[in-house]
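Listed after this line are the structures, all set down as structure tokens.
Both complexes shown next keep chain A, but they swap its partner, so chain B is in the first and chain C is in the second.
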Partner chain A sequence: MEKLSAKSDPIYLGEAIVKKALAVMIQHNLVKFQASERNNNVAEYSMMHHNVYCLIRYPKYLYMIKRIYGTSEEILLEILLNLGQASASNVIFHSANRLNEANDSEVLSPSALHQSFQRLAQDNFIIRCPKLAENATLLKVPTLEIEEKEKFAVPNVEIEPIARMLKEKATQLGGHCDSEIIWRVNHERFDIELRNVILVNAAARRVDTTAGELYHLILKLWRESSNPDSPATTPVSYNVIKDAVRKNDSSPILLEHFDHYLRVLHEDSAGLIDKPGDAGGGQFNLDYSKVFENLACASLDSIVLERFGSKALRLFRLTRIQKFMEQDQMQNVAMIPAKEAKMFTYKLLEHNFLQIKELKKGTSNFAPVKSFILYHVDLPQVVRTVLEASYKGLFNAMVRQMHDLTENKRLLEKHAMLESMLERLKGDDGVPEEEIAELSDTMHPAEKSLVEKIHLMSDNLTLGQTQADETILILESYLKFKSKEL
Partner chain B sequence: MGGRGRGRGNAVSFNIEQLGFGRGEAGPVSVTQPPPLFPSLENRPLPLIKDVENEYILVTQKDLSTRMRNSPFYLKKSENPSYEKELPVLWNRMPAELRETLPKRIATGNSKVTLNAKKKKVEDPDKIFAKLEKKERNESEVEEDGDGKEDEDDQDKSDDEKVENEDDVKEDLDDEMDDDTDYANNYFENGEAYLEDEEGQDDGEAQF
Partner chain C sequence: MALKVVIKKEKVDDARPRQSARDDDKTEIEARILELLRKYPKGINDKILETHMPNLDIQIRVDVINDLLTKKKMKLFQAPGTNELFWGLNEQPVSIKLKEVDKEENVVMRIIEEAGNKGILNKDIRDQSGLNLTTINKILKALEGKNLIKSVLSISVAKIKVYMLFDLQPDRSVTGGSWYTDGEFESELVDIVNQQCYRMLQQKAEAAKLKAMDGPLIVRNASFLSSKEICQMISDMNIVKFNLTVEEIEAILETLVYDGKIEMRMVSDGDERIKTYRIVETLLSSAAIVRIPCGVCPVIVKCGTAGEVQPKNCVYYDQWLD
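Entry: the complex of A and B
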């Protein structure tokens, strides 16, 4: 919790800028405030770490929404992400504007967008912000509150004023009936969805795509019936799954072999489906901690493989599965020559992938003390180390990207201006070829290739960040569910 | 060493073979400097995955960051301080203190300041003449005198501000005093900081 007094440090930033910055961050759900305990007129601000981190996942959110629903929902979400917090009418208005800019032929009606908005709210991807309490306008620090049942209730939106404003090509929607009901993106729901995507991909990779489809259906059933905070879902019976498969428009292969797929997924060692009972043809549930432990181990394995080689990987997996092992045991079971085994063991130890446990065996005070040295893998610790390393990698990629872009800002801006001018000229047909060629020559080919290189590097860094984020999600989920199972 | 061990006193507590070296081989290399900041990669990392999803992510990321940069939410330094109408933020959901804009205080404060300043200037023309003469005489001391004059003016302004602030934000000041912080004291103490607000604060804002 940082007190407001932190802002009275105007040496670096003017007070006005600090206030603006705080307002912008609150608007975008990055900072929250509450009245201080000692004095109701002063607010204390605190940062919402998870939401700040999730900024990097916004493109992934958009991709998921686009795949699950379609373009209009995608645009609605994008507008909401841009505005931070907004009322339904505002979002619909701006989305209609954006769609009309892009597509002059199709004009999407606000009522269609309203329906899309409702769909998003039904599936909990967007959530209502707490509303102002009754006497809030009198207080210097407003109190905000919301009831559980109101969280996803879409208010009645008056379509008429929106349609009118659109026709008039207005840039802002004026006052509207639901201006006090504010929505924002629901990060928790998106996290659940991202995790589900990982699980479905895992199922598809282990078995095949139809299994992935089946798993996707079962995940939906689990989500509908279970509490999102519990470490394991409530069991769903075989018959219910069968009904769902039939009702859903599944591929014929799935309908035919649904039994087999279910059994294969259940018997697979990844723990994607658990069978705690036999009632109703078989009860199936998902134990998050087990599944994410397996996923985290798989991630660690591939990291060890890429950094140290397959022999080190063999040692690592062995130690992980056998829990405690001695050096000699390790090199015998893994069938690796002694010297190499020792070298790899030491390397893994140095990088904290292996831990040591010493057991003393001293019997008499005269003989030198002998002790057993056992190697083991303390999974939570290793996961935390790797998680730190992933954060650092992500940070490095971001810093490097920003550095490259700021250093070459002038060049990139020149290039962008040139491109836009060329576009405009190509649009006007009456311009001779020579002018276009001359214009493109204002930039030296060496400069152009440099710009290309910069773009390429920036793209690669973005991709690297995205992939690092996936690893981070898996490892974080493992730690989260591990702490819950206690 | 020699005679310290008990019993036979010759044996060391570990077996040299246990450490993994044979008798004739050299021991471990001693470390003479901290490890390099960027150690060389032994294995080349796997290539990045480039599929439909990632292409989409690349495009969307650039799109989103461009939009945010061009939106009014992106705060630049030299903005007009009267921001309540410009920033599309939901003001009625925010603490009142964020809504208070400095120019309002400056606006009323300035009128007070100019009146006082004028009064002072009218009252002390002799002092100013004396100073100007000093300036002509001592060129090297011009800067110091100039600063001294500035300080006086600034303190006038900050005094006026203080008066106004005390009226408006009395409670806050009292609270800050109660909390044993020096921020309130430091904020109004140094008059120079008031004018230096806009001078090139180089924090190298990165934009992309």
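Entry: the complex of A and C
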């Protein structure tokens, strides 16, 4: 929390600009404010780190919503992400505009969009922002609050004014009845959804795709009944799961072998389903800390394998599973020749994947005391190291992308201008072919291929950032649930 | 007419009649004691000796017994229950060897013999016998030449030779079992057996998948193989010249478990619990971060916005983006 506009600071921007910047960031849920502890009349601004980080996940959000619901919900979400915080009517209005621009033939009715909006709110993907407290106008720094039950309640939206504005092709919706009720994207819900994707994929790999389907259903049941912050879900009984499967119109194999699938998933060593009791035919829940520990270990294993090789992986897993090992034991159990085993052990030690614990043996006061040297894996520490390296990797990908784009900025701008001019000309009829050809020749084909290559590189880097984000999600979740369990 | 047979009597030295009588007696008594020992293989004690040879003078008996002990034809031991002293017949014809070598070699031989199956180090022989290095080396060479002892490369003490009797089989702790030849760890053999086991489990899993219509439990249970079955299949394949024991196969399978490729489950089969194994998939196909160069970069720690290692001019990125 810092004051940013002192005249003596090296980045003096001017108070007006600072205020505007803060306002934009608050609008987009990146910064929050509260009254300072020392002086109630001054506001202090702090950054919401997680929300800033989630900026990189916006494309994933859109893809998920599109997959779960459909295009209209996707557009609603996109508009909401662009606006930061907006009222329901506003979002619906702008989405309708966008959809109408896309398909000129049909005009989408705002009431359909209203229903889509309600669906998103029901599943908690969007959440209401806190509103001004009652006595807020009296204070210099207003406080914001919201009640639990109001968080996802969609107000009545008047459709007719919106429809009227759409017909008039207005660009802004004027005053409307629910302008005081503002919505934003619920990042925690999307995090849960991203985690669920990883878990379902793991289940499908371990058993088969039908098991993945079953697991997806069970995850939904757990989410509906549990508190999102608790380290383990509330147990769900066998009968409830069976009902859900039957209602869901799943594949016939699942219905036929439902018992077996449940049992195989439960007995799997990854801890995908836990059985804390037998009431109601069997109670099943999910212990996040255990399952994410296994996932984090799988990530670490994969990293060790790619960086150092399969023999190093064997030593790493051996030490992790057996907790404490001596050098000689390691090379005997792992059946790796002594020299190689030593080399890999020291490599892993150097990169902080293994840690050393020394225990002294012998109590002689005169002779030099020999000691046991035990190797072990301190999992939270290793995960934190790798997490830092992943953040760095993500940052590097972004820096590289920025660098590539700015280096070739002139070329890319020229290309973009050319493309837009060509499009406009193609739109107008009656322009002779030669003019178009001449225009496109102003750019050398080598330059064109270079531009393509740059676009390709940029796309690869974006994909790379997404990949880094996935690993970061798993490792962060592990650390989060580990600290909750303690 | 028969020739007159003249029996020449040996000239007996009359001057010492008692000595020869005693000698004769002694050999006779020795023979009788040995006979008794053979008759009672579990051992005889003083009482039995007395009952069988009541006329024996104690001094003579003691002499004879001492003789037999030094000649190693009989040995002294304690009965386990009563701690009473017993005499027993010593089966090993060590005395034959002793006739051929001289005293120092005797000492060395005895030390090596005591070491039995596990063999003994050069240094230990020196400590126990008190002889010096050159003498010992000479004796060892002589004994090896006569094929009485042999040297075996021990794995535990890093390629140092260990000596033991010629006809003894060296203990497993010395040679390291089937995975070591001549003190060298055979990593290729281990790798080959490793891959074979993995392939067998893969085949079993694929065969099990064909039963997918019966449900996942059937598929899973059908993909297990017990360690005994794997051992049998490996032996049938004749990859190795000698037979591998179940313990050795289990050691190989354990390394596969630590590779994360298979999992182990204990199943009770009648009275005993046996280990069964099957292939498992990892939870993630690969950690997503390894798909970008930074995930596997060896100099990630040194990377930054300024300096030698930067993302802007990173060699790994250049290669990856091409």
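Here, the second predicted complex is superposed on the first by the 465 of 486 C-alpha atoms of A that agree within 3 Å, B and C clash if a C-alpha of one lies under 4 Å from a C-alpha of the other, contacts with A are read in each partner's own complex, and residues count from 1 in each chain.
Everything below uses one rule, namely that a residue touches a chain if its C-beta (ideal position, glycine included) is under 8 Å from a C-beta of that chain, and two chains touch if they have at least 3 such contacts.
Fair warning: this is a prediction, and the values are worked out from it, not measured in the lab.
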Which superposed partner A:211 touches (first chain B, second chain C, both, neither): second
First, second, both or neither for A:464, with chain B first and chain C second: both
Partner chain(s) touched by A:21 [first = chain B, second = chain C, both, neither]: first
Chain B versus chain C as contact partner of A:307, first or second or both or neither: both
Partner chain in contact with A:392 - chain B first, chain C second, else both or neither: second
Touched partner set for A:405, first chain B, second chain C, both or neither: first
Partner chain in contact with A:366 - chain B first, chain C second, else both or neither: first
First, second, both or neither for A:357, with chain B first and chain C second: neither
Chain B versus chain C as contact partner of A:38, first or second or both or neither: first
Shared chain A surface residues [contacts with chain B and with chain C]: 306-307, 403, 460, 464, 467
Chain B - residues contacting chain A, complex: 6-7, 11-14, 20, 42-43, 45-46, 48-50, 53-54, 56-58, 60-61, 64, 67-68, 71, 73, 75, 77, 79, 81, 83, 87-98, 100-103, 171-172, 175-176, 178-179, 181, 183-184, 186-187, 193, 197-198, 201, 203-204, 206-208
Residues on chain C engaged by chain A in the complex (per definition of touch): 179, 185, 187, 190, 194, 212-220, 251-252, 254-255, 258-260, 263, 280-292, 294-298, 300-301, 303, 305, 311-312, 314, 317, 320-321
Touching residues (chain side chain A, partner chain B) in the complex: 3-5, 8-17, 19-24, 26-28, 33, 38-39, 41-43, 58-60, 62-63, 66, 78, 81-85, 129, 132, 137, 139-142, 144, 182, 306-307, 309, 339, 342, 365-369, 401-403, 405-406, 409, 459-460, 462-464, 466-467
Of chain A, residues touching chain C in the complex: 198, 201-202, 205-208, 210-211, 253, 256-257, 260-261, 263-264, 269-270, 294-295, 298-303, 306-307, 310, 313-314, 317-318, 321, 333-338, 389-390, 392-397, 399-400, 403, 457, 460-461, 464, 467-472, 474
